[in-house]
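Provided herewith is a single structure, encoded as structure tokens, for subsequent inquiry.
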Amino acid sequence: MAIVLGDNQYGKAEVRLVRLIRDTPRHQIQDLSVSTALRGDFAAAHLSGDQASVLPTDSQKNTVYALARQQPPGQIEDFALRLARHFTAEIPAVTGARVEIEEYAWDRLQSGDGRTHDHAFARRGQEVRTTVVTVDTAGGAERAWVVSGIRDLVVLKSAGSEFRGFYTDQYTTLPETDDRILATQLVARWRYAAAESDWAASHAGIRSALLGAFADTHSRALQQTLAAMGTAALTAYPEVAEIRFSAPNKHHFEVDLTPFGLDNPGQVFYAADRPYGLIEAVVTRDDAPDPGLAWYAVPGFT
Amino acid sequence: MAIVLGDNQYGKAEVRLVRLIRDTPRHQIQDLSVSTALRGDFAAAHLSGDQASVLPTDSQKNTVYALARQQPPGQIEDFALRLARHFTAEIPAVTGARVEIEEYAWDRLQSGDGRTHDHAFARRGQEVRTTVVTVDTAGGAERAWVVSGIRDLVVLKSAGSEFRGFYTDQYTTLPETDDRILATQLVARWRYAAAESDWAASHAGIRSALLGAFADTHSRALQQTLAAMGTAALTAYPEVAEIRFSAPNKHHFEVDLTPFGLDNPGQVFYAADRPYGLIEAVVTRDDAPDPGLAWYAVPGFT
Amino acid sequence: MAIVLGDNQYGKAEVRLVRLIRDTPRHQIQDLSVSTALRGDFAAAHLSGDQASVLPTDSQKNTVYALARQQPPGQIEDFALRLARHFTAEIPAVTGARVEIEEYAWDRLQSGDGRTHDHAFARRGQEVRTTVVTVDTAGGAERAWVVSGIRDLVVLKSAGSEFRGFYTDQYTTLPETDDRILATQLVARWRYAAAESDWAASHAGIRSALLGAFADTHSRALQQTLAAMGTAALTAYPEVAEIRFSAPNKHHFEVDLTPFGLDNPGQVFYAADRPYGLIEAVVTRDDAPDPGLAWYAVPGFT
Amino acid sequence: MAIVLGDNQYGKAEVRLVRLIRDTPRHQIQDLSVSTALRGDFAAAHLSGDQASVLPTDSQKNTVYALARQQPPGQIEDFALRLARHFTAEIPAVTGARVEIEEYAWDRLQSGDGRTHDHAFARRGQEVRTTVVTVDTAGGAERAWVVSGIRDLVVLKSAGSEFRGFYTDQYTTLPETDDRILATQLVARWRYAAAESDWAASHAGIRSALLGAFADTHSRALQQTLAAMGTAALTAYPEVAEIRFSAPNKHHFEVDLTPFGLDNPGQVFYAADRPYGLIEAVVTRDDAPDPGLAWYAVPGFT
């Protein structure tokens, strides 16, 4: 028996980058959090502390800023690909790079004269656009995967949601309902079939397809709603190979007002924090290309 | 020397209430967090544990839900006044009530057919609408104060902000600048001159005046911007007696790219978390009515 | 009617400072978050943007680091006094300074040989030691106040807590209980009678008196427990003028297991997040010196 | 091409359970957060909304509480195994269960008489003990895996840490150092070779081995420290098959005080929030049993 090193990667997490484009008086702003992780032959660093092959995480951070200067990031998928390819091409020991980017949207403020302002902005909200790009050169030829998505989009239906006909055991006390609030703080991530697409159009379209299906599907369970959402997006966007959902069921409980002589037909709810249901599901094409390393992370961690 | 009880209050904090209005197929949603605090003669509870005068905080929570059933909350100022007046009028030992409400906005989702949906919604963003209402009957006649506001509205200017001509001491290394990013996560709270107003119109107008002034003021410092914002709102809205700001200066540092042979004329920024500047300021009318208990909280706590 | 500037202050918040003392092989570590706020005649900065009197918040941050180099901070009360006096003495426009410090405790790790390590440490926990020092020179002579405390100390009693005999109204459904869990995430802040004390001994003693009284008092309500805690500390420590508590009542609800044929005599509890009770109370000596500016903050904010 | 359902699971997350043991006047407290997830044939729920096989997540929550009443949880690994086996054995459609438990430690408070108290406690700190148990019956026979660990243990070395001899590229500006602060907020998770062990003793021993190695290893890089920690634990504890680390490198930057005429030989540091280095590494035995489903989660999510 010997003790050996298994999978590993290292990088810089949450490099906060604000990039302004000020070529004209009407400025643009891009607000990102970039995390890089490198893979390759780094056994010496772990086993003997020899850093000769290790590009410091500080240099990775500098790279993010320098590449953002050379050219505006643009679509986060493109910027993540540029960064990942830089590391795999330029750093000898690196045979794989994983670049994760979150983008925070801003809207223009209004001037006092009612026009949208050239250089004043407000953060739009809590929804975040995400991408995870993986580039691998371990096998010689470069392979690349793009997984994009959204997180922290909170959606709710005040009708068109039921939950009944479920399995019951000795610990079941939940009554059936044909009218409840359905709410979730959505995380959706979709794998593109290829590392090339019209990212902006795809993102807007897929997001819209997901939300339209959430709104329009009569829900017999959150599972079914998620499947309908995934199906809608996969049907409309052939560039998507699969979609993965992690959806907390944010419970809204009807408050019992009968002690006070009041009925409560779906009007007054207590929004609970914990516990919450958690549904995780994958919807995919049966002919989707192999995911390769698209979803790869050191197992056991995010 | 004796040890005595000083100021005190007690209540239920962060009662999460979602209220649906479903009178027509086109539903409305209102999403609130309500905190109540009661004042009065509760010395016995503290000194001997005698609870005979103490309305449980659980009953306060029930009251929030019951009153929300009897009538939709409507404007949060009105709902806070209803609640505060209920407690001062109905509970014998209570001579003062402070009700704080936060409101989270929702937007309608789009159906697949492009129309806004009747009963599907998305949380708008991180900006929160707030109110703190205080009702006092200790002197016999009822007095009431309303302080409303916004929090967590993140705004940024990518031009029109300088910082120079400041005082320097032996610990000053900051260079002057005539072009920097100005950003803050705004908390603004304004006291109304009277406990009656067209709350919805006032809130929308004041918010708009604040943001317009933020956008349009050439900023020599965040202090000056806040004063301009306050002045704009007070000028346009006579129902406001004073405005208080707590504004973190969210620093965005230009990244030094010269080691990489790159200039960086206001394009690539590092958005720092901590430390941050913090500006607190009050702008008021010189003939504003006395604030009374409008801002009162047990000193030393929020 | 004119629009005028009211109270204001500005400074740098949450300057994270780790100070090592490495005079001997057995190192010491001090881990602080320092926030400074200056008051004085800064009207020009607000009204016209003239910064000539304004010491940048960046310089305030530098001052924290430089003074920590000249001499280790030591007791946080002493370091806050040094900083506040520096600003009031050295910066012409400043007539008042408020310095708030939080300290995070560390314990030594054990070596493999079982001895405590000379230079390896672990963060102790979530309890934070706090101080807020105010120095004012507006009236000519210097006055100083020290308010110290603890926050985020979570304590719980699994017996010796009841809640009954309370006032009931039409919205009361809470049953009386003579046996419940009592738990709180304590914030306690005490004002010293003078700006001079053996801070370390006082802090340790007061903390111990508070916790001993929490443990030993049979509780008829959280209000009573807080009063007993404050009385214990004030009785034993004459250097304390008053104590203020902000104590959330962290509810632990007995789970109803009767649907499953199980009783539950105080054994299985659901620990709720929100809402929570919130008790705020002050215990003081009747001959305490006037608080002056000890608790002063721009009203309406923390 | 058809659209199909991929991997999925569902359950209740963050069931907060406080369990008291009050058989004697000296009470014991156990404070847990339990998350359950079920796998099996739930395609109908997703595809048609048919819930006939679906045990509600509410029933899963009830099960947690009921089983905690029947017998105190004891070691979290045992309680997770009991829960997972309950679901796989009792619920027809379930062929796999994943139960994740976090445990928060409490210490006894001191009475005024100096003795540790029978029923008064304080939360120990931010370190959390964790376990993830997976039970699978899809293949007929039951298989079970246990992965335990710790998270949010913040450790720091004030000496014995260097970083030099690293690879440099055109974006490298970081100077080499032979003396820096090394600090991390450790997440360590270890897979047991079998689903049976003396969990309490193993946990205490492994934790102690990890921390001893952190303290005693002269660090040439965080990678090397982690490998040393893993090796120490695997060497001393044959019941462990592998250890996985996710370790942020919490940067502490020496403040440049030369503008103020001060040197700073490793004494005054700025503790940065973001970005941070992030090292992920696995240390394993070369003859470790196959991990099976031990680390399985719906890929792309935690």
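A few comments on the model shown:
Just so it is clear, A, B, C and D label the chains in written order, and each chain counts residues from 1 on its own.
Assume a contact is a pair of C-beta atoms (placed from the backbone, for glycine too) under 8 Å apart; a residue touches a chain by one contact, two chains touch by 3 or more.
Predicted, not measured: the structure shown is a model, and the values here were computed from it.
C-beta contact counts were set side by side for C-D and A-C; C-D has more. Farthest chain from subunit C (centres taken as the mean of C-alpha atoms): A. If you average the Cα atoms of subunit A and of subunit D, the two centres end up 23 Å apart. Mean C-alpha position of subunit C lies 31 Å from that of subunit D. Centre-to-centre, using mean CA coordinates, subunit A is 38 Å away from subunit C. Shared interface positions of subunit D, defined as residues touching 2 or more other chains, are 16, 62, 66, 171, 173, 259-260, 273-274. Contacts from subunit C toward subunit B in the complex involve residues 1-16, 35, 37, 42, 45-59, 61-63, 66, 90-93, 147, 163-169, 171-174, 187, 189, 219-221, 223-224, 226-227, 230-231, 234-235, 242, 244, 246, 248-249, 274-287, 295, 298-302.
Those residues of subunit B whose C-beta lies close enough to touch subunit A in the complex are 16-22, 27, 29, 31, 62, 65-66, 68-70, 106, 109-112, 117-127, 153-160, 181, 208, 211-216, 232, 252, 255, 257, 259-260, 262, 264, 266-273. Only residues 170-171, 173, 259-260, 273-274 of subunit B touch subunit D when the two sit together in their complex.
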